[in-house]
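A, B, C, D, E and F are the chain letters, set down in written order, and residue numbers restart from 1 in every chain.
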Amino acid sequence: MTEASAPAIIRADGRTPDQLREVTIERGWSAHAEGSALISFGGTKVLCTASFTNGVPRWLNGKGKGWVTAEYAMLPRATNTRNDRESVKGRIGGRTHEISRLIGRSLRAVVDMKALGENTLQIDCDVLQADGGTRTAAITGAYVAMADAIEWARGQKFIGQRSTPLIDTVSAVSVGIIDGTPMLDLAYVEDVRAETDMNVVATGRGLFVEVQGTAEGAPFDRRELDSLLDLALAGTASLTELQRAALAASLAAGE
Amino acid sequence: MTEASAPAIIRADGRTPDQLREVTIERGWSAHAEGSALISFGGTKVLCTASFTNGVPRWLNGKGKGWVTAEYAMLPRATNTRNDRESVKGRIGGRTHEISRLIGRSLRAVVDMKALGENTLQIDCDVLQADGGTRTAAITGAYVAMADAIEWARGQKFIGQRSTPLIDTVSAVSVGIIDGTPMLDLAYVEDVRAETDMNVVATGRGLFVEVQGTAEGAPFDRRELDSLLDLALAGTASLTELQRAALAASLAAGE
Amino acid sequence: MTEASAPAIIRADGRTPDQLREVTIERGWSAHAEGSALISFGGTKVLCTASFTNGVPRWLNGKGKGWVTAEYAMLPRATNTRNDRESVKGRIGGRTHEISRLIGRSLRAVVDMKALGENTLQIDCDVLQADGGTRTAAITGAYVAMADAIEWARGQKFIGQRSTPLIDTVSAVSVGIIDGTPMLDLAYVEDVRAETDMNVVATGRGLFVEVQGTAEGAPFDRRELDSLLDLALAGTASLTELQRAALAASLAAGE
Amino acid sequence: MTEASAPAIIRADGRTPDQLREVTIERGWSAHAEGSALISFGGTKVLCTASFTNGVPRWLNGKGKGWVTAEYAMLPRATNTRNDRESVKGRIGGRTHEISRLIGRSLRAVVDMKALGENTLQIDCDVLQADGGTRTAAITGAYVAMADAIEWARGQKFIGQRSTPLIDTVSAVSVGIIDGTPMLDLAYVEDVRAETDMNVVATGRGLFVEVQGTAEGAPFDRRELDSLLDLALAGTASLTELQRAALAASLAAGE
Amino acid sequence: MTEASAPAIIRADGRTPDQLREVTIERGWSAHAEGSALISFGGTKVLCTASFTNGVPRWLNGKGKGWVTAEYAMLPRATNTRNDRESVKGRIGGRTHEISRLIGRSLRAVVDMKALGENTLQIDCDVLQADGGTRTAAITGAYVAMADAIEWARGQKFIGQRSTPLIDTVSAVSVGIIDGTPMLDLAYVEDVRAETDMNVVATGRGLFVEVQGTAEGAPFDRRELDSLLDLALAGTASLTELQRAALAASLAAGE
Amino acid sequence: MTEASAPAIIRADGRTPDQLREVTIERGWSAHAEGSALISFGGTKVLCTASFTNGVPRWLNGKGKGWVTAEYAMLPRATNTRNDRESVKGRIGGRTHEISRLIGRSLRAVVDMKALGENTLQIDCDVLQADGGTRTAAITGAYVAMADAIEWARGQKFIGQRSTPLIDTVSAVSVGIIDGTPMLDLAYVEDVRAETDMNVVATGRGLFVEVQGTAEGAPFDRRELDSLLDLALAGTASLTELQRAALAASLAAGE
């Protein structure tokens, strides 16, 4: 990713600019949920659960289609200094709303609602510990939880044997420009320094689901945008492999 | 934008794919606000006001920097069917939160907070009538209201004569792919049919401030993304001209 | 209204004590609502929309009667200094509640609910700019919006050709005593100085629907009350004429 | 009040049209409040407490003036069928807001805020049992509680011996037209049948503080309005006597 | 209760350690509720109403069982210094929630829900004046109100003549250790000084329904716990007698 | 615990009536909090964090004393069926309030607030997975997190070397009577069947901090209460040992 003759750039945690943090995916973490995964992107840990229920919200009744929705939240001390609970404040903040909606859209992009039938998947992504990239870890882990919940529903015959609600896989990663260098999967200390910050959600086939780029410092040009997109697609390709490997393993006894 | 030999595509309202709707900017609409603009993108009408106050939020006290923040809302009958008021529901929806934050970030990207001094600009964008593109019209109109409020503050000597808080202009436009064709500035009937929907915020110099692309239908590939970005930058360049023309005119007596 | 030999009292804006401000009524302002009017009483501008829907609230189901309800709100920068949004505060203030209820009662007083049938008219009055008398402008404009929505419903055959839900017209005006002189249609600078402030809602036939008089400064006697009522009824008679004229014109193409 | 030759109209509870219900005022009902009164207008029972505190709300700081504010509420089973608690609903209804504001304005009309000094009187009116006229009983009882709290404050030397914060007394009564006859102090069964309903707040000197007339059924004419005002002023004159008698008695040992 | 040779301990209000305050129970206080009681434990006065309605909450539909639920609240000036209303704050505090739940559980413990049939008893306990022990007075008074509401329902034939929904009586009392001495029915000044504070809910047969002991100061040992339980059971036995006596009297004409 | 000649009672999960579930305490689970522990009581898993901050709430300012407060919450899918988030509902439920208050009181009982100095410990207990006894696991784990946070503060010299804010240890366990047999540490399936349910909070020295017994089915007698207290104290003694062992180990590198 860096130019040929330049000295190699090494990040604070020893990574190269185009390297993901260590990613672990612990399937079946929850004894109760139909699907679940505890995912970590380095110091970021997100517990993703997928709750499968028969029936759909009222506005979808009788249309022969299912629904996928998501909620994201952070434990109060997931971060370096404690945040007040949104339940105590009595209102959900804009950031929480925004990320919940992003996760929901990202997952719906790879679900065939007709094949899901009149069933609902409620995804919950709770950040237990935060170190940057919580929304991208959440999407990546939520896909695994959702896949397991769909398999569970197939086992329960809530979804037909020939139905394939999952039409692709989906994962997400953050990218940003720091001191002029595009970097993959920003940790928190990098995120606060980034001039430009982008979250990219892509399918296993390499298509974009969401591209959200923001100039945190100076506005960015087309060339920078292109290099960030390149980097992000390489990252989601790696995450896709990790999701496949996790789902290929047999589920732990916990489930 | 369309391929050479293809028959010209004409949209429902008679526009070509790369054509903006009629845009009008009525400066000084509000008798009370320090800056204001009633902007319309076709049937979308947004009243943007900029309220200038001395002082900053507590967390910025004593840092010698200013602040710009924004709130977006829609009148209940701005849309085809009435929406319940968020004040009556007692909570702000995720969409409102998301757009308010987007407007705030977009405006802050072109403001030099040191030059603004310890002053706050509160932008309000209220959609009086909605026909697609309300957030992009809001950003485009809010810039004009903000520019007038800064001039007002300069007149009041709240901002020094040599300070130039505005380091660039900013505008925004939506683009989307409909039936395979990239189109600029989607009206509501187009927006609901778009496979991919993107909002692009760019500066007068042609740099990106925000790129938010969402696959509403099928995920999109890199080539489609590129064509949407081209179209959007052409659109924001036109909007920049319209902003400049509006600001060049002398302000109506109403202000 | 002033005593014979006294020198003529001229108000800050050049009006005589018994003179209304300039009143304009722009019908069909909203492209979406079944009825709408942008009304101005001098610097006070209120957008009134009437949303017609089939069906009634649950508690009225099956009684063969319709319902009319209203909500009033102010844009945050409608006033000289910005007010926090009630949606952001998460609760509606007492003043907003009080005025919404007043508008609803005033409109219901001239509607024959049986003739309306099991249909609901939801009136929204949003103050775009405030300069005193926002509630009276709202009632006066809401009547026009409501009348248009009823005509629309008749055109749609939701209301029978022989049904006349409107049994009278309704308008409202404020009156007050300033420096001992009763004055009509107070602007904001007058309103804050008034010793006594009264809002009167009356029908086209000159009957009272609401009389709300408040001693802001010193309590008032019977003679003062009487002179205020005289002044108010003259004002609503003029407003009735303006409503009739507005409704007599053919509706603009916008609707 | 009734015409000479007409047969006497007797109301459901045996009263003549111009007769108040039995009114009782129990001063010093609360052991804790600086002033308190349990007032009953027939079956309507309202516990009024006046809490005296040094200091004023922030917006009044340093102006040498005091403040009087009021809150009104109803116990859930004060009425014939139970109402949900506003604390459980998480929001205060419009009616509650409206009445709280009315009580506050009414009391402030007879208080000289300079003489009160930088002190606050918080009035609470809680309806223990409702049978019509709760707001008028609340105002009438609140005056007594407030008078006692001011005496208490004088005893504590929070108010100077020569200061007379109370510049008049205040009481309130409802009037309405039922089957064409104006009647005083409506009980609940009368209130729901009234064509026109008016609440009048007046001082001991017979001046108006508030006049709130509402056409519940048909709009009313000037003659009806006049007869209601006559009736109301006779009622508040009687209530003034009852307040004076109550305050003339020595306070029970409970206080 | 005190050791043989020790000098008798006399409490601030003249009671011995094992003595209840004066308890009064005024049945039928409310003209509207199906059952009601104004109970006082010394200076603590709680108005308890029982509202009987046919039908049950949705989650109990069709199970042939009834439901009993309770809400507790305090008037703002029931206490020595005024508390803000929970309706105004927009949220119910933890203490209120906790006590409401305790009252509901306590009452349900003596009701045979099958015998109650598909009916609901909503109990409201509103503290008019507080001087310690408000929750125990509330439970004790609520039982009486509930018993009367059940008799009312039997009279209305909503409950069969042979059904006996009340399988026992229930009352409650507080106990605490002050300066090393266990004391019964703490007044407020005692409550704040207690090292250990316990609320005991027991049936007329002397069985425990709830035991809630809290070390306010130092943790307590088993012997202290035992002496508190002894004292509490003696207290609830006395309260049971008072409840029986109150219910044996014929109901006042007010009901 | 069972009588000599009776056949041994074995519980669904193979435990004897007086046996705790497997308890694990993972100290230093959170990278950010000053103290933390992931505790499990069988299938119940609670993440406890202790956040140390200098300063105290306003009402304690300048008194030379510290403060300890706690919040409890459950992830939406911690349970067998999903619960709506309290942040989304906009209000905290009674159960959550009640448990948060219990945890706070329990921890404060073993803290010398003078020795803590003007510092605050905010404890957060988030139930990641629930299988009965979440509040008792929370208290037991919270003590460990709090102890580590105090050690951290000592290391930072926020607490003096000679100060010993912890005057005892504290743990908690549930007990209940099932089919007439008292049992220790109920799992969820046992909890729903228990006739009587008691939570006991005790110090390491064996003194009671809280005793909360509730008759879920039939009221209980003194003998049953005594046997539950015996069982609980044996349980908290075992938990005290486990806490000591956990705190004796050196903290993992994660912290």
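Everything that follows uses one rule, which is that a residue touches a chain if its C-beta (ideal position, glycine included) is under 8 Å from a C-beta of that chain, and two chains touch if they have at least 3 such contacts.
A quick map from chain label to UniProt name: A, B, C, D, E, F = Ribonuclease PH.
Nothing here was measured: the structure is a model prediction, and the numbers come from that model.
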For subunit F, the least number of touch steps when starting out from subunit C: 3
Rounded Å distance, subunit D centre to subunit F centre (Cα mean): 52
Multi-chain contact residues (two or more partners), subunit A: 90-92
Starting from subunit A, with subunit F taken as the next chain, the full ring order: A, F, E, D, C, B
Contact set on subunit F toward subunit E in their complex: 91-95, 97-98, 100-101, 105, 109, 168, 198, 202-203, 205-215, 218-222, 225, 229
Complex contact set, residues of subunit A against subunit F: 30-33, 36, 43, 47, 49, 51, 53, 71, 73, 75-80, 82, 85-92, 96, 122, 124, 126, 128-131
